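See the structures that follow.
Shared between the two complexes below is chain A, which pairs with chain B and chain C, respectively.
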Partner chain A sequence: MTSRHDSAPLLVIDDLHVEFDTGGSTVEAVSGVDLEIRAGETVAVVGESGSGKSVTAMAVLQLLGNGRISGGSVTWDGTDITHASNKKLRSIRGNDIAVVFQDPMTSLDPLYSIGNQLSEALRLHQRMSRKQARERAIELLGMVGIPDPAHKVDAYPHQLSGGQRQRVMIAGALACTPRLMIADEPTTALDVTVEAQVLNLMRDLQRETGVALMLITHDMGVVGEMADRVVVFYAGYVVESGLADDVLNHPQHPYTQALLTAIPRRDTPRDEPMPAIPGTVPGLHEMPAGCRFITRCPYAAERCSEPQEIVRLEVAGKQRDVRCWRADPAHRTSATIESELEVL
Partner chain B sequence: MTDQRIDSPTGPVPAGATAAAVATAQTVGGVAPPLPPKRRLGRFIKEQPIGMVALSLIALFVIVAALAPWLAPYDPLAQDRTAIQQAPSAAHLFGTDDLGRDVLSRTMYGARTSLSIGVCTLIIGGLIGVLFGIVSGYFGGSWVDSTIQRFMDALMAVPAIVLLLFIAALLGPSIRNTIIALSILLVPSFNRVARGEMLRIRAETYVEAARAVGCSTPRILMRYGLPNLMAPLFVLASLNFAIVLIAESSLSFLGIGTPPPTPSWGRMLSEGSQFLEIAPWIAFYPGLVLSISVLAFNLLGDALRDFLDPKQRR
Partner chain C sequence: MTAPTLNGVEREVTNRPLVEATDLVKHFEVGGGFLSAKRPPVRAVDGVSFTINRGETLGLVGESGSGKSTLGRLVLRLIEATSGSVTFDGQDVLALKNKELIALRSRMQLIFQDPVSSFNPRMTIEQVLTEPMLVHGVGDAASRKARCRELLDLVSLPSTALARYPHQFSGGQAQRIGIARALTTNPDLIVCDEAVSALDVSVQAQVLNLLKDVQKELGLSYLFIAHDLNVVRYMSDRICVMYLGRLAEEGPSDILLNEPLHPYTEALVDAIPSSDTIGRAREPLAGEIPNPSAPPSGCRFHTRCPKRFEPCDHLEPELITVGAGNVSCHLHTEQAALHRHQDPPEHSLHGEDPQEGATA
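Here is the complex of A and B:
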């Protein structure tokens, strides 16, 4: 898989903070996220539930409900859209940036035929007539591998299976040939064989249309299959990011390391408890001031209670960001030296 | 509800469909081709016989009301001094009132008044109530919602009859003012139902998906909100129709609804009540028709509720 590191970034998220009102008080769900996506690349965003990965993605389009961006900026194609008008945002949504949601069973309105719903973006953004939109909808259904699209265009959501509905959602996302597709755990609600089909489909379509993909997932297997780069979230910020293969093979941050160790393998002993990270993510109201992983980190030390900055490493010419002071070559300890030796 | 299927010939798959993508199309479970247009009415008849009887009665009343000028044997306003307070007979099936007017003809024309007031009221009160309801529900929890809901609370806090008397007395008795007063009476109930449904709908993923596609708020309300909350509104409308019929009659009975000499069921009841002992038919027939139509609308409402509630089937 080729990475496209030389092209200008399509989407730049810089020090993003997102707040939510929760009955009187506010909580910060995302605190200082940096993320870049270049044209045509696949960036996987991984992390536990509540780590802020979906919120970050939705903040790009400002689909935050009662939340709001409280700091930082989102730049789309060179333009700062952090404070863009509703009208401007609407012209980007579905047109330049499309979203595929997690649960295909509820993402389609049961009252309209799928053709009708596929036409929505086309009629909104490209001012197509009903007839043109219908033609295009049939074409899109064929593209995502729905058999007999000329008939299926009139089907209602309840007449389709989960996998087919997710294909329809993907078709809808691609309707206006967007440049970025945000897929928020697109296969979580599907069973494993259908998951593989849908992921294959997304990869094929990406190759054909050149759309960049922001793939939110918590499945490390999916990351390895799909991603050029990976961004690891923990408790509302990024703890590690870099090329997917590098991060998966040589994780630098203790959280990433623990996460990868927790994946059951064929040789994982069956009679022992599954490897897991002890403890739970701290609640949004009780976030530690320093490293947020401190409560669960096996290497926790005094220095970890100070706020952690991103350490930018160049490993074999490839950039790697790690939010842990141990990763800094100036402060290496036995734990990090070991893993770095592996890299080199 | 209109069926949006477009019957078009099955064209060939457009050549634009890319081979690579189609290759991944290992079918995900065979799914039957789209069903033919739903035969909703047919299913309603089969599943809700009582509702069907109610619907037929209502249809009968509507037809009689619409065709009253041709069906009525006499002019409802014509006074016949030679036939005052006559008991029902072949010449006057429902008898005559104290001015010698034919009660049957007046009841038929009264249906026109009562039903058209009911329809106008439902449309006006329903539109206002639903509009504020979906806006309120969509922005549920915000100041917009609170403002609208406190206003509705205030309307509901006043007893209906007091509210009606106040508005009718303020505006004076006329059909138009009766419609205004009754519409205001209906606004809160439509508002509450629409708001509750919209609160549910706005949390649906398809609404989020619509926003993500670039739909504006008005478009979401009209295209995704409204159609999805129509079912309970139909039920409410038919129950409300019964309420309006009674309220209109009450107003007319009290002399502040439909002004004389226009026949309306409530006014006829009011006029006939003075002669209950000597000529009971003057009040009896309009009262009977009023009761039957109120019952019919209530039964229809119940039947619709059962029919449209997906939990009651399958």
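Here is the complex of A and C:
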């Protein structure tokens, strides 16, 4: 595929902060997120609800409703777009960066045929004629595996199944050959067999078009199947990031470790309790000043109540960022983290 | 022998299954209104039989539209079955009069997927927990209040929660209250319909542990309905796999997942995204679940089955026993028939296979 910008990242999010107004007070939903995506790669953004993963993605396109970027920057292809004009953003949205949402039924307009909705984007962003746009729409529907696209182009959203609607959303996202596709929980609403189809489709299309993928998910299985790199969110910031295989197999942050063991697997012993994470994610109004996982962490110590910096490590020769002072090699030799990890 | 219960009432334990469902059918009528023509009914559940033993968890899996939630509601008689029978502790549930049914309902409860929307937002948690006791005439005001505290303690919530409202709780806490409410009347059976599906992973594990703990403590039976096969396996002793209103396969959890007999079970197991197998290029099951008002002829799965052969599109397979489980698939009826021809004495167990004439 294209080798453009192989060295420079396509998207750089640097120390991003996002605030929301909530009836009189302000809450910070994203507090200092760093994230990079290179051309053609798949980066999974994982975290629980309220961890700030979707807000971060929507901040890229400034689709924040009553929220705003209160600090940091977003750079697209070398240009700072943190405070870009609406006009500039409109040319990026759809053309360069496309979004696929979780629930295709609410993203599609029930009153227009799917062909009509696909054509709208093509006519707006690519200035195609009505006829050209319709032909391209049929071609796109065929590409995403909709059977009999020449007929289905005139169907309305309610006439399609959930899986087909999500395929239409993906067709729409790819309509203007974007360089980055942001997919926010694209398969969460689908049955597991249909999920497998949609994940395969996204992988194939990525291979064909070279589009980079920012995949927001809560499912570690989806991360394992799709991602080159993974960024783990907790309570509004990044706690760990690195190559997906490495993070899944050798998690370093206590939260990532706990999260991975809390998922039932096929070989989880049925007569033992699940290793659950005690407590709940702290609310946005009650964030601890130091490590945000401190209230639930089995290793919490005095030093954890100070703000935690990202520690950059080499794990098995690969770069790994971990927001935990215990991960710092300076503490590793004397500290007991290794043995603690074994215990976990 | 007696089973331990929360409020000290002891019940006789027998060997007979707690729930026996036989040939359950539920067809939903659609159309047929003033202006619309009557259309063929949606065959949500179409001849399903199973049993749930005391203290046992029966898992129920299948894609959306397979009829698993309908089946759960049929067992509780929240909807009326078209035909078939359900017995609960020896009583014919479908024949009960209204009053008797209400009395029996105290012994069977339901936990929903979205706990917050299953509560009345204007009721305090104390009212939420007291209401079932009022309906069933349990205790006096003081004992009911004590019971509420006891229940909250059981699900690890502080008794200060009693005065609060549903919206003041997180999803995990609300599901704990949902469990507490289901336990108020001291039931024998709880139907858990996607009870942990809406919860975050870290909280889901807590709720799974809680469900197992109260089961052990109170000797409960669960009908555990969910779409996550690994969660169902962790919770269940046996699993039923449903497809388009029919039972595709039934068997002990570990055997069912590790050695699936039905191609549909196999496809479901293969489709689970796994963090262990990076970038696996699996061939997913093609197509989607067909319309349940016009199910395919023969085996309902044949339109998507990678292993279909001659009889599948015109002959419906019967449920036959294979090993520790049951399966309805011609691959196995064929095999059973073959065995019978080659080696009749040792396989006489399969001798009553009703498909014999058709498949030989």
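Heads up, the rule we're going with is that the second predicted complex is superposed on the first by the 322 of 344 C-alpha atoms of A that agree within 3 Å, B and C clash if a C-alpha of one lies under 4 Å from a C-alpha of the other, contacts with A are read in each partner's own complex, and residues count from 1 in each chain.
We adopt the following convention: a residue touches a chain if its C-beta (ideal position, glycine included) is under 8 Å from a C-beta of that chain, and two chains touch if they have at least 3 such contacts.
Given the structure is predicted, the values throughout are model-derived calculations rather than measurements.
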Touched partner set for A:274, first chain B, second chain C, both or neither: second
First, second, both or neither for A:200, with chain B first and chain C second: both
Partner chain in contact with A:191 - chain B first, chain C second, else both or neither: second
Contacts of A:172 with chain B and chain C, given as first, second, both or neither: first
Contacts of A:328 with chain B and chain C, given as first, second, both or neither: neither
Partner contacting more residues of chain A (chain B vs chain C): B
First, second, both or neither for A:264, with chain B first and chain C second: second
Touching partner for A:34 - first (chain B), second (chain C), both, neither: neither
Chain B versus chain C as contact partner of A:149, first or second or both or neither: first
Contacts of A:161 with chain B and chain C, given as first, second, both or neither: both
Chain A positions touched by chain B in one structure and by chain C in the second: 161, 163-164, 194, 197, 200
Sites on chain C touched by chain A in the complex: 63-64, 170-173, 200-206, 208-209, 212-213, 227-231, 233-235, 253-254, 257-258, 267-282, 284-286, 288-289
Chain A-facing residues of chain B, complex: 4-6, 8, 10-14, 16-18, 20-29, 31-35, 141, 204-206, 208-216, 224, 227-228
For the chain A and chain C complex, residues of the former touching the latter: 48-49, 161, 163-164, 191-197, 199-200, 218-226, 244-245, 248, 258-260, 262-266, 268, 270, 273-278, 280-281, 296
Sites on chain A touched by chain B in the complex: 61, 63, 66, 86, 90-95, 98-99, 101, 103, 106-113, 116, 120-121, 124-125, 134-135, 138-139, 142-152, 154-156, 159-161, 163-164, 167, 169, 172, 194, 197, 200-201, 204-205, 207-208
